[in-house]
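Next up: the structures, one after another.
Each of the next two complexes has subunit A plus one other chain: subunit B in the first, subunit C in the second.
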Partner chain A sequence: MVSRTTKLLFIGPGVAYLAIIGLFPFFYSLYLSTTSLNLTRPRRSQFVGIDNYVQLVTDPLFQKAILNTAILAMGSIALEIVIGFLIAKIFYEIAHLRTVDWLRTLFILPMMVTPVITGLMFTYILNPTLGVANVLLRMVGLPESGWFGSVDVALLSVIMVNVWQWTPFLMLIMLAGLMAVPRELYEASALDGAHWYQQSWHIELPALRDVLLVGAIIRLIDNLRFFDVVYIATRGGPGDATEVISMFAYRQSFQFFNMGYGSAAAVLILFITLFVTTLAMRYLRRVEHG
Partner chain B sequence: MASARRTRFLLYIAALVLTLVNLAPIIWIALTAFKNRAQIYQIPPVWIPDFAYLDNFITVIQGYWPFLLNSVVITLCSTALCLLIAIPCAFGLTLFTFKGREDLKMWVLSNRMMPPIAAAVPLYLAMRGVGLLDTWTGMVLIYTGFNLPFAIWMAMSFFRGAPVEVLEAARIDGCNWLQVLVKVMVPMAAGGLMTVAVFVFLFAWNELLIALFLTNRNARTFPVILTSFSGQAQTVWEQMAAASIIQLVPPVILTFFVQRHIVAGMTMGAVK
Partner chain C sequence: MKRRTALLMAGTIMATWPMLGRPSRAQDSRIDWASELGKHDGATLRILMVQDPWVSGFEQLNPTFEQITGAKVTIDAFSYDQTHEKEVLEGTSQSSQYDIIVLDSPWVGEFWSGEFVEDLKPYIEKTRPEVIAWDDFVPAFQTVAEWEGTVVGVPFGAYFMMMHYRKDLFEQAGLQPPKTIDDYKAAAKHFTNNPDFPGMYGTALNNARGSAIGQSFFEWIYNFGGKPFANTVPGNEDPYGDMTPQFDKPEAKQVFEFFKEMLQYQPPGAESIDWEQRAATFTTGKTAMITAWSVRTPGFHDPSQSQIADKVGTSVFPHVEGIDGVPPLGGWVMGINAHSEQKDLAWDYIKWFTSKEVHKQFVLLGGPPSRLSAIEDPEVREKMPWVETIAETQKHVYAECRPRIPESFEIIDTVGLQFSRALQNQVTVDEALTELQTSIADLMVKGGYTVQQ
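Right after this comes the complex of A and B.
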């Protein structure tokens, strides 16, 4: 029916483009990660096999980066889901009122904010001496905080900023999920005398399961590549308190020009991402097919 | 019934307050952009500045307009090029059948998983090799590539909804496939394709990591300039705020433009 040439002309350019810009970096990174390439050294790079990976796994800073990334991802996603759910419920109850569309769009604006700006904004707001956050804390009589500058609070501050930016996303997709629940289900359960928390548990959560899974996967991928805010606000510090894996790989490759080692870290990030998403997508497909 | 209405009213107030609290950081930066040097360091802070004071905006635009221009050119060109390649590709993947089509689609999607940091070193070395480091062309080519998986996948989800009969009717009337795409499919899916364009635009406009080391002086984008506002010995907060507000204008406007499609856009059509 459709000639081969036609198919090729339509699909070919896109696929070829992706092959160049997707496959090439992948295999080149794989190759680099097995070399000792360092742009600052005159010595030619050599094949070192899996040495970079062995060194990575035993590098305390990389271990810390993995740990921090895990805490960041799980802490952020958990908070985003809980807070997002509560806010989605509120917007769900008033969904039919006038002007709510506008209010909802205003509410989700943080997730459209350029991540660099998010970092800058909170660097200013959470600045220990002239930031408005500490001024407000003082006004209500609470102790001030060092935020990004304090070893104990820095990672928590990063999580907080992350939650500020991305709770709207979880809220929005859960709202879409809630809207898809048939009204009759609520009415029937209300007749049976179910409380609101029973309704949440037995009707809403099952209905939201798929939506939540999609949302969690997307946020997990985001968190595994989380970079901009840390780069702006803390550069991984103080000490290694907010070192995350993207920051680690960036520093190795573009600050120390230790590109073999940096590539190994980058390849690991890629594999972790692929592994997690493949697992989750397989689960999703199983759910879809019953 | 009266109590249900009161509950709804209270919930509306709650939503209003939550929205205000959520926007507070952005509002605070917007207010800061209108303050002068002395007001920045005033404690207690100046809550409401003089909105006629525009020096910060003028200074930022005068000092950094070439980089703003870089951002605009790179973003617009990569958005256009990306759509030009993605639309026919998505059309073909939706309508034409061939062996391995589903695998090809999944492979397109899997490219989306590539973390920018993993592509950064190879792209840096490649761009240096072909002399495209720190150029508009280089940045446009790379952003186009990064956006393709998303654009193809999203466009497919909009094309799938189109009625096949209309397309077949156009074929019977003697249109070739390119005409079917341009004259029938694109107008039918125009709303959806606009959404794709907006998200592609926003990715390029907001991107930092790639621009950070692939641009130096000539093609440096505005987000990279923004990073220079932090970490200096003495940060020029009022200019940082003004620059932030300038950077935020397109995202905020476009959000209202696509508000109904945001969920589909953010989840690549997985949640509608």
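Right after this comes the complex of A and C.
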């Protein structure tokens, strides 16, 4: 029988580690969010209670940031699932080819690029005057776009970049799911006269549902803290067209140094993330248990 | 710059130092740097600054300082926003990693109130007047370096915003460089979609959201006859005494509408361009004129950076007819980190680098002229003819054209957000200005300033 002291000795370091890197920063942020602390005027800091939170929920820019983040997350994940599935299906069908390993490696390369570099790269590619994207559009006779600079398509451009970088992640998950589907199911359905799209709908998609949900939840969390590309390419602009919640919190905390208000935004973002992911996890469990 | 080239230039400067460094006035020749500066063998001086075009000037001059003092000088340079962020975080964490911090004029109040920098007044007082030659700095830039009776930094990089235009195109069109805003509009219109100037656009403004367009408001408002706050106007002894915002005044509306109107004379995608990109439109020959800080002027004339190097003319920033224009003033001063452990070494470097003779070398290497002696220097004038425009511009500048209070960064960014929204038709000009009037007034009240309700 293991003694209580031994158990505590084993658990202790883990608890201490979590307390230092997780709990202390969280409670300190919670404390900061009740003050008016600005790092450049530290002596003027006062206790303000929930004022920062009240100001935050009525701040039109924060509301726009939440809306933009929601559009970014839903738009990106939906496109990544559709495109990812189609490409996973192609890789599944050509799995017998010798070159498939090379092709798969090439396809997942965007995932390995640092998001800051991705932002810089697309800043050049999508530059309205000097970028290659508009040159290509001109060559095929399509109208040019303002991309990151146009209020109508800036968020769409950010979604496009996000989809370019992270579709391979969902593709890999779905490819693994497809590989796990028993071949007998395909053979039996083919004998029954099922077309490829019927096989996809009735066999593959139900088989992929669990892994897809896990992948979508991971991408949801990623999108809720999406920052680098916006920071590099648009800074939340033009206007407030690409303002996302992490950019909002960053600007308050590290450009204006309003640590009180910025911490309130960070705490609120944490609770929004917890709420959304808890809902998604519950749904996942319900699916898993039929 | 390639390391070999930098070493070669440094060697040349050191070899010709006594000759190149000979100042125009007799008293300056008495500066014996070997005795003026202490010996700091083995020490390393670290400087934190912005990655602007003059960094290579520092790198070429520093070996001379290293030879005199025995200290090693290292420079860390970052983009504009990152410099601000890093300097504030260094200050708040009371870090001694850097000895000298280079700060932009609107940050002066912020850095002083945050206790990030030393008061340099005692250092100046203990230094021989001919070494500092404080009165030789551009007068408005002397004010920029001062805050609440202290000296926060020593000037070295004064920026004057000037009009840069294509001499060849203006000559071909029979136009004079624009003196008034109406001239500017007319010239921009003339060069856009004109078969005589195929592929050419009139101009490019600083339209990107954030500091870019936020600063633009403060650059243009005075030249429309307005002011951003009740007291921030040239000649007022107490510029921050009444911080009632003036966004509800007609001049503010005129600035917003001017930017919207000018969009039609700018290249596609101009709604989101900032300093770098609009300069690129000019140097690649896509725009006929742009307003730009004088720090970029040497690059515009450099064939390795500009396709139109031999065709650039400069003139004073335009303003509306019938008023005295106030060309925008900006730029950088050098302060000592309040938590540095090598303040004497830092001061030795500052007084050496900002002295008349070293400043002239810095200017000849592409640095921004910040001293009257450098602006008037015949050698500088011969090599850099545009300094004549700086000489005229510096007579009309205003130190407070962008506020220098601790809230400056947030004010400029807030203006930048609403200005960008109006430019992109996300809101009307009136809605943006009403929002600004309220939000900036709230910010000022929160900061403890006087605001008339």
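Just so it is clear, the second predicted complex is superposed on the first by the 264 of 290 C-alpha atoms of A that agree within 3 Å, B and C clash if a C-alpha of one lies under 4 Å from a C-alpha of the other, contacts with A are read in each partner's own complex, and residues count from 1 in each chain.
By our rule, contacts are C-beta pairs under 8 Å (C-beta built on N, C-alpha and C of every residue); 3 or more make two chains touch, one makes a residue touch a chain.
A quick note: this is a predicted structure, and the numbers were derived from the prediction, not measured.
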### Task
Have a look at where A:Thr6 lands relative to subunit B and subunit C in the superposition and call it first, second, both or neither.
first
### Message
In the overlaid three-chain picture, which partner chain does A:Phe148 touch, first (subunit B) or second (subunit C), both, or neither?
### Response
second
### Query
With the two structures laid over each other on chain A, which partner does A:Leu205 touch: subunit B (first), subunit C (second), both, or neither?
neither
### Query
Is A:Met74 touching the first partner subunit B, the second partner subunit C, both, or neither of them?
neither
### Task
May I ask you to decide whether A:Met179 touches subunit B, subunit C, both, or neither, giving the answer as first, second, both or neither?
neither
### Task
Please work out whether A:Ala188 is in contact with subunit B alone, subunit C alone, both, or neither, and reply first, second, both or neither.
neither
### Message
Let me test your reading of the model: by the given contact rule, A:Ile94 touches which partner, first (subunit B), second (subunit C), both or neither?
### Response
first
### Message
Let me test your reading of the model: by the given contact rule, A:Leu279 touches which partner, first (subunit B), second (subunit C), both or neither?
### Response
neither
### Message
With both complexes superposed on chain A, which partner does A:Val54 reach: first (subunit B), second (subunit C), both or neither?
### Response
neither
#### Entry: Of subunit B and subunit C, the chain that contacts the larger number of subunit A residues
B
### Message
Let me check the overlay on chain A: which residues of subunit A are in contact with subunit B and also with subunit C?
### Response
130, 235, 254
### Summary
Note: in the complex, subunit B contacts subunit A through residues 7-8, 11-12, 14-16, 18-19, 22-23, 25-26, 28-29, 32, 40-41, 43-45, 85-86, 88-93, 95-96, 98, 104, 108, 110-111, 113-123, 125-126, 141-142, 144-146, 148-149, 152, 177, 181, 202, 205-206, 208-209, 212-213, 223, 226-227, 229-231, 235, 237, 240-241, 244, 247-248, 251-252, 254-256, 259, 262-263, 266-267, 270-272
### Message
Which stretch or stretches of subunit A touch subunit B in the complex?
### Response
2, 6-7, 9-11, 13-15, 17-18, 20-22, 24-26, 28-29, 32, 87, 90-91, 93-94, 97, 100-101, 103-117, 119-125, 130, 132, 135, 164, 168-169, 172-173, 176-177, 211, 214-215, 218, 221, 224-225, 227-228, 231-233, 235, 246, 249-250, 253-254, 259, 262-263, 266-267, 269-270, 273-274, 277
### Task
Can you check the complex and tell me which residues of subunit A touch subunit C?
36, 38-42, 44, 61, 127-130, 134, 144, 146-151, 234-241, 251, 254-258
## Note on the structure
Listed in rising order, the residues of subunit C that touch subunit A in the complex are 81, 84-85, 88-89, 92, 110-111, 113-114, 208-210, 267-273, 277, 280-281, 284, 286, 406, 409-410, 413, 417, 420-421, 423-426, 446-448
